[in-house]
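There are two complexes below, and they share chain A, which is joined by chain B in the first and by chain C in the second.
Right after this comes the complex of A and B.
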């Protein structure tokens, strides 16, 4: 039996799951056990199409869950919206988890039915840019890649011939590659609002690469892990002080790096230029609505404030859609980057939204998606 | 909880954006983003985002009736045997393999498949290959780009390529109908003044070729390209426009959609067979087109979606939705993309029809091989010489002109937030139009009151992104009043 607050090192007992897993397959095994033992009706997994593409699906097939291990850094999806209205377990990066929490504040997700196995996250990358980076920077044919890993600030690719090539993430980002912009300044790296927080930071020695550091965040996390242990799907042991302190250290270093990026990206715009900035940024918008569709914290549905006050016949220099959204999301935007990813005219939507939301959230010392204790500052919490 | 996920291509225009269609076990459809697709990085425009509506909406379809597919095929065959004055149309709104199957039926009938673009037959054949598309990435490298289209409305996923070109210091000039935010210059010039554009071999001219394109416009641009060395990118409106026009063997005699409808009206076409091509949606004047089609002896429709022509057809052979089909598309840049779907209902139906007509059956695999051979056959481009202008039909000049801004919603008769017209500020001021007010437009087809939006446009021009009942053609003379 594990306890809330435990920090453990663990892995899947099935050698296939363990070797296929990103760092020991614990996450896969926990999700599979939750399904097998009836804690949930389905599990959200990423169905792999190739190294750079996967689609989120909900499955009730334990075997499908067991074969879904591995982290896909070049698949920048957010999983929050896939769980709305369902009794499921899901893996989740901090932004996935924060999206679910924001949905729960609005009663669109029932957290007592949703089990979240959080994954630490240093960032994700865009698949097409990643392929371009492989050709230009790594001189590797993207088709030859069989695996990738982030270790000690380096992005490592493994090829079919067994070759490994690594380049520092700093260098890649200098050249415009590497993590998406939102990931560089993302301010949660360990998903403390999930039920379990898992990752490879702090896994050292002989276990490096084949075990997962797992922190039990709450009672649901305890239930998840106990279920997996009882089912014989995982084995765990307490993490030692060294592991714990390495994990803390790397996390602090990553957050510091994120702050530096924030300084760079969010340079001060003088008051007199601010309106012009927002108008100019959205000037090429083609009103596709994709930025709303993907937003993991938006729970308005099709009849929403931003769309109902907006008409293409309007002559506003910045659409009502964007004006309403900037304001409406200022208390819930988690900076997940999905809106910028899907914008068909490459507007840096996330950066614009974060620029608007940053001071509002900072002044109130409020971080959306962290817990259900504080209500959003612009809304009544329904939960 | 089981869902089916299809990797497919958006049917909205010839850009060919990749996407996923999810279908749940109740048949509800939603879209998802195919982020590793090199054409669009998973990004979609307004039309792409509304595809669930496109796939689920529409008029009553005869194939919804319990009557069997075999019955429809037998009925179609009976009508086609011995039919005279047969014409066949496939604009490229389905897979290249289905188009190829349709070509097989045409051969059996001793007929030909037209793609509805008349401009081809008006141009010297050696020019045709110059109207094939080019890689979108080449746009990003051009030092000068001249736009004869409105990318924001007509081909939205081109905008990001143009913005990328701009970041690479390309100079963008719009010679279209309205001012474009991304253009460095917005010019309102006539072909005689094109030398002002200062183009050279590092320039790209972007125009489009669709069923209502005036061949003269294309001739001017081919001549401009010849004189300056600038490349031409010819955008196309349908998912397989590029593919079917490369496959088509009858380009020199190809009939335009308007010409076909004229022949239907005059009785020179008595049997019309349509493959995912609905003239009621594609022609500017809906009522006139319905009237003409009703004169046919036989109207046979092979279609994967519910569209208005299904309602008045004699036979509808209903096939699976586009995303479920096995098949190949070629986008405007000449890129071949394949559906993950495996549906062959359409192919099998056409194979059975061909058999009923006394010819051989065929299978998807054979058609696919044929398609790939045709699409990957890089023909040699032979040069062309300066082309003479054609005699022009009467143009609407003077007064006010209502013009269609063809776009995916218009081609497919899809609802959108576009019940307004675009006019310039001079018109607003001279008619003293109020904010939120309406403008009254009158043509020989009647009167309509419309909301308006202000755009930078030449005086006297009124643009609409949706079909209007008062329009008689792509451009219509109108009277305007404030109201």
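Right after this comes the complex of A and C.
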């Protein structure tokens, strides 16, 4: 039996799952056990198409869950909207988890039946840019790639012929490749708002690479892990001091790097040029609405203020759509970067939203998606 | 013909119970005030959605005034507190957008404060005349 707050090292008992998973297959096994034991009716997984593409599916097939192991850094989808109203378990990066929590605060998800296994995340990559990077920087045909890995600050690609090529991530990012921009300045790397927070940071010595560091965050996480242990899917042992401190160290190093990026990305635009900058950026908008569609924290539904009060016939300098979205996201934006990824005309939507959200959230000492106790602002400030 | 001096367009959202009454009192008391004001009466300042304010700006308002009862005096118990919370977000957004902060103002005016209302409108109009037309004004609107 584990307790809330426990920090453990664990791995899947099944050797296949253990070797296929990115680090010990603990997460895969926990999700499979939850499904097998009837804790949930489905599990959200990413069904792999190739190295750069995967579709999120909700499956009730245990085998499918077990075969979904392994990380995909080049598939930056946000799974938050898939759990809405369903009795499911899902794995998730910190931004997935924060998206779900924000949805729950706005009463569009009932979290009592949803289990979230959070995964540490240092960043993900845009599939199109990754292919471009493979051709330009690695000089590999993207179709030949069979696997990728991140190790000691280096991004390693393996090809069909068994070759490995590694370039340091810093160098890639200097060239404009590597992690997505929103990931570089992301400020939550360990998903402490999930039920279980898992990752390979802090796994050292003989276990390195085939065990997962796992922190039990709440009662649901405890239930999830207990179920998996009882079913014989995973084995855990308490993590020692050294593991815990290394995990902390990796996290703070990542956050420090993130702060540096933040300064670089959000250089202050002078007051008088700012409006022109925003108007110019949004002038390219083709009103496709994709940024709203993918937004994990947007919870108004199809009939929302941003779309209903926006008309293509308006000759406004900025559209109502953007104005309303800028305001709605100023307290809830988690900076996941989905909107910029999908924008067909390459407006840096996330960066613009963050420019509004950063001061608003900082002034209120608030981070969206971190806990369920602090509701959205109107409610808090009226008390 | 001499060029007519530019007169700003100011939209004021007034709540039915206090600030609209304040505007009325200002008229009854014959306090002089500029003709730049367009009043939109709402039942409570809590009804004012930030969207209304944006729409006013996008339609060509040079300034938007949000007014309501004094805190604690709301006819609907806490409507003006809600307005205040929304206003704080609006204020930050206007600042970040690069609009001059003077273009959006909040004031609590009771039904008896006719003079305060008139002075408020006069001050804002003078300030906006200095700043000139709003950069968000659509083309073809003066």
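Criterion: the second predicted complex is superposed on the first by the 377 of 383 C-alpha atoms of A that agree within 3 Å, B and C clash if a C-alpha of one lies under 4 Å from a C-alpha of the other, contacts with A are read in each partner's own complex, and residues count from 1 in each chain.
What we mean here is this: a contact is a pair of C-beta atoms (placed from the backbone, for glycine too) under 8 Å apart; a residue touches a chain by one contact, two chains touch by 3 or more.
In this text, all values refer to a predicted model and were calculated from it rather than measured experimentally.
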item: Partners on chain A (chain B, chain C) - clash or fit; value: fit
item: First, second, both or neither for A:343, with chain B first and chain C second; value: first
item: Which of chain B and chain C A:126 touches, first, second, both or neither; value: first
item: Touching partner for A:57 - first (chain B), second (chain C), both, neither; value: first
item: Touched partner set for A:293, first chain B, second chain C, both or neither; value: first
item: Partner chain in contact with A:275 - chain B first, chain C second, else both or neither; value: second
item: Chain B versus chain C as contact partner of A:204, first or second or both or neither; value: neither
item: Which of chain B and chain C A:326 touches, first, second, both or neither; value: second
item: Most chain A residues touched (candidates chain B, chain C); value: B
item: Partner chain in contact with A:246 - chain B first, chain C second, else both or neither; value: neither
item: Partner chain(s) touched by A:314 [first = chain B, second = chain C, both, neither]; value: both
item: Closest approach of chain C to chain B (Cα atoms, Å); value: 7
item: Those residues of chain A which chain B touches in one complex and chain C touches in the other; value: 314-315
item: Of chain C, residues touching chain A in the complex; value: 49-51, 54-55, 58-59, 78, 81-82, 85-86, 89-90, 92-93, 96-99, 135-140
item: Chain A to chain B touching residues, read off their complex; value: 41-42, 47, 49-50, 52-53, 55, 57-60, 74-77, 86, 126-128, 131, 283-284, 286-290, 293-294, 311-315, 341-346
item: Footprint of chain A on chain B - complex, ascending; value: 1, 3, 5, 7, 20, 32-38, 40-46, 48-49, 152, 156-157, 159-160, 163-164, 181-182, 416-420, 435, 451-454
item: Interface residues, chain A side, partner chain C - complex; value: 269, 271-278, 305, 309, 314-318, 320, 323-324, 326-327, 330-331, 355-356, 359-360, 363, 377-378, 381-382
